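Alright, structures below, take your time with them.
In the two assemblies presented below, chain A is common to both, partnered first by chain B and then by chain C.
After this line comes the complex of A and B, so read on.
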């Protein structure tokens, strides 16, 4: 098949960028990585990109296609070529470009190291046998352990774009991999550190990391789990934590978020008074409802029942989030199995 | 052009390669008190060890009764009796403690109902002894080793330095001792000389010699070729393992764990053909046996598009989604087939090189101060055929042993000194300029492709005398084309992979020549070296020895000799599964 690509080239010696178009012949099963190889072999040997395993496990070939981070080896080109599209390939975002599609990952790894990504003296380190841990306990960190450090999440992170010092989705997911590991003995110290500046509460919850992760690590869920664990241990002095807590209280009591009370509960009375003018401006434009009479949801009872149900389960923190994920996964799973049975029968 | 940046560092132990063996060696050398440098052409977590799927073997006895002795016997038998038995006994005896250590370091292994490490059945194993992490065991090990490496980088004062994306090019041999390596700094450009009192090669395999391979682009046998050119003997080069289940057309691996969990192999008539070839072990016979059976089926017309099928449908969605989710994703992404509903087309592909640098049980080679561990080495634990799950274990056991030994040697009086002459850099610079001065001519890709195609055709699962002889000539022709000077288009310093892949092509060519020469000379069928048409049986009287390849610089070609196999207690028997 004919494949056309536009590639953002970057020459580090001159600092110049240029968008170049290439057209090549490729086999129908070709991935984006295969196409780049053909360009490099047969069109322009100076094109630079990282690659190694070509099977979605080494994490080398993170880059952007039409502005969204992808693993080149995971991206089939057939449909794109058939539709006559000419995708634009560029280096990942939020990381400085070294050359063409190669980025400098130094800050990625520095942040990774900042969360002390190694098991800290866990259980019975010297028994000469394995630690006994159930599969269910290990499931808390299953998704986080899938991370291949490709950087796609970091590339897409909106918080990082506005605060380059934000710890970022990859390092936070790695942190969760240890906080949630029953063999790690330092969860509280880790959570205290992660709850500080540039930490878990600085995530804007845009979910781009989750959307673009090629391995199903779901970094935003990992950050939510860290938040839940922090709450469980009473590490909730950060404004972000207080903000999240008020959401729960508000939903439980009236079934709605009460914005007017959110600000004082999160920021404190003194700071809120300073924001009075802003609040009045918002109210004038109809952006916040008046605080009185209190805003109560029609199905308020249902909200309370849900809250009660979750409480009764008695599973808090990250395990609670995983339980919910699993419950959803289970449904999908049963559907798949039934479908397979049905298929089998019809054959 | 000035590429010389001078001597950059001095270490007690320098490790080249940062996959499982390299990182394990570096950690051990550090913990033995050495100042350690690690060079890797990829970032450590990108190493191909991370692509290992099925698991790692140790006789823990968590799933059924087992012992290191049984593990050793299975390994000796699997090796078709040219594994060195003293090495195998050390290997299986030390494996369990290494697994417990990995677990204590935090490896996210799968668990059984009692919360112990789960173990699954694997090919040619007398007991379920393969410890695993779903079907991403290599990934989990790479992660835990890098975590431990980082811990030492952060907390270990300045005794652990990692040179990421440094491409190793030439070993420095001074007064009969290895003292460092000349490498190319990929990110910044420039030749660098990095020195160590001792040097450990852990650069992995060379699957890229073959067109259909499970191996990453990085697996070009760099360490083996550098050692060969530095005068070291390579051992058992003819033994390339073909894995029975690689995807069509990419060659991407589907783990033996699929069959360990119960998947069938069927031909185009829907028959479980392994019943004919290995009635007891069926799909879980040794890899060489299964690959040959598949090839016979395909050659006799019971395949489809050069493939047979891996059938997992009867395992059910739940088992596939929990135990083999990665394999399912690979099949869906690269073959467009969902194994829950359809059989997956598979065929044998080059997977693991049993041969490598001749090294002893501590990883020590024939050159003072130079060690080898992992797939680059041939100790030999695997002999003529490796058992699934034994390679990850080998990287850990022998990575640790070589790291310990290299550190102790470097810190002893024997290891004193060990400086590298600065002239090696000027020599290398001259050579580099020669490569970059080629302004026209053949691009490397065509030669690379021709090696891969011809090796697969003439040196694949089944080997015929006349085809191997023909391959000798083909490779000589390819060498002529290569030696004329291939055209590297990128002349820049920054991330010049056009340059490094041209150098890798030279490595691949050297090693292919060694392989074929050793294959022609081995007039028998043993393990992965199968000659059904002229020498269909094993010939212990004449060939129960290792092949040794060295490089003759005058002739610019390999030279072959032999070496005895070390036998402790298992006399050769007929191999049946």
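After this line comes the complex of A and C, so read on.
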């Protein structure tokens, strides 16, 4: 098949940047990586990109296609070529470009190291026996263990774009890999460190990481697991944690979010007072609903009793998110089955 | 008329009442009969999902249960975050029968109805971007925007995770553009239309949030947009109320009017001032309205 590609070429030593188009013949089963290999072999040997395993496990060939981070070896080109599309290939975002499609991963690895991605055993070694961990315990970190360090999530992270020091989705998912490991003895220290500036509570919940991850790690959910674990252990002094806590308080007391009190509850009284002028500007437009009398939901008592009941049942911390994974991991199959049923019915 | 259970969420009930009034006024014109849910709470935003995930599931199940008890097939939302929370909980409960049994037992124990018959959670945007809603929209809002340039801003959680949302391609969405065109406006294209407005961290990490917020406003401004329209009241609050802080940071005063989706269609469909409630906006909508000559 004929495949056409536009590739952003870049040389950091000269600063030259150009969008070049290539047309090649490729077998129908060709991936984007195969096509780049053909371009390099037959058209321009100076094209630079990373590759190794060609089978979605080494994490080397992260790049962007039409602005979205992908693994080149996972991206089939048949449908794109058949549709006559000419995709634009460029380097990943949020990382400096070295040449063409190769980015400098130094900050990526630095952040990985910062979360100490190794087991810090908390079990008693003196027993002299192996430490057996159940399947259910390991399920807590199953998805996080799938990460191949490709950087596709980091490429698209909106918080990272605004704050380059943000620990970011890949390193935070890696952190959860160890916080949730029953053999690790350092969860609390880890969570305390991760709850500071540039940590868990800097995530803006844009879900780009979740959308792009080629391995189903779901980094945003991993960050939520870290948040839930931190709250479980009472590590909740960060403004982000206090913000989250106020939602819980609101839901179980009045049902609806107590918006006006959210600011002092999150930021503290002193910082809130500094924002008085801003708040008054909003109040003039009716954007600051008076806290009294509180806006209480009908049958609110049920939400309060539910809170008590749920707490007693003890599905706490990350377990509350892990329990969703079984169902959420099957959405595609359910959709397919529903589609097939619908097709069958219409026939 | 399609009967739907209407879940307002916190903002449309309180600080963004203009969204509620515009939605209620517009609904019958686009074939929707809204049954407002009363015995419901906040969906928890992303916050309860993170702080107390099991409680998040239960309060959302309770909302779904009250919607289902109305005998309708659709629970309609007007907020991106409510949509994601409710759809995510709904998928969990639809697929995992053991989990649903435990949740239902808990709901019954506190006196709430169990969530038995499935409902589908759909945002107002989806109701008017296709099908009968769209057909009616074309008639009632035909050419009302007189060629003005409108910047669509989707926000995050109505698009991603697409596995849970799935209405349209999260990288190349079309629904807002289709509605803008049907209302006689000219949709403006810009890269940040699918990115984050910064709202979830605007109180805890204001600087980081403002670094995100400036992108859609600046890009829409540079593309010559007369206003930005969004389907999410949280995006609206951040784009409208925090816009003044960008002036402090960058020295630039964009004065970009921000409209809720129901307001933009409402303007084109000739809703009254008392229903649109533009006076509740922080950034004045006047220049936009004057340009329309109404």
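What we mean here is this: the second predicted complex is superposed on the first by the 293 of 347 C-alpha atoms of A that agree within 3 Å, B and C clash if a C-alpha of one lies under 4 Å from a C-alpha of the other, contacts with A are read in each partner's own complex, and residues count from 1 in each chain.
In the analysis below, a residue touches a chain if its C-beta (ideal position, glycine included) is under 8 Å from a C-beta of that chain, and two chains touch if they have at least 3 such contacts.
Owing to the predicted nature of the structure, the values given are computational and were not obtained by experimental measurement.
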{"item": "Which superposed partner A:307 touches (first chain B, second chain C, both, neither)", "value": "second"}
{"item": "Partner chain in contact with A:118 - chain B first, chain C second, else both or neither", "value": "first"}
{"item": "Chain touching more of chain A, residue-wise (chain B, chain C)", "value": "C"}
{"item": "Partner chain in contact with A:85 - chain B first, chain C second, else both or neither", "value": "neither"}
{"item": "Touching partner for A:59 - first (chain B), second (chain C), both, neither", "value": "first"}
{"item": "Complex contact set, residues of chain C against chain A", "value": "10-11, 13-17, 38-42, 44-59, 62, 88, 91-96, 99, 102, 106-107, 109-112, 156-157, 160-164, 166, 170-171, 191, 195-196, 198, 200-201, 203-205, 207-212, 237, 241, 244-245, 279-282"}
{"item": "Chain A - residues contacting chain B, complex", "value": "12-13, 27, 29, 40-42, 44-46, 48-60, 74, 76, 98-100, 102, 104-105, 112-113, 116-119, 122, 125, 128-135, 138, 141-142, 145-149, 177-178, 181, 183-184, 333, 336-337, 340, 343-344"}
{"item": "Touching residues (chain side chain B, partner chain A) in the complex", "value": "42-43, 45-48, 50-51, 60, 97, 99-100, 103-106, 108-112, 114-118, 133, 136, 138-140, 143, 147-148, 150-151, 153-154, 187, 216-218, 249-250, 252-253, 313, 316-318, 321, 326, 329-330, 333-334, 340-341, 443, 445, 487-498"}
{"item": "Chain A residues touching chain C - in the complex, by the definition given at the top", "value": "66-68, 158-159, 161-163, 166, 201-208, 210-211, 218, 220, 224, 227-228, 231, 238-248, 250-252, 255-257, 259, 262-263, 266-267, 278, 281-282, 285-289, 295, 297-303, 305-307, 309-311, 313, 315-316, 318-321, 323-324, 326-328, 330-332, 334-335"}
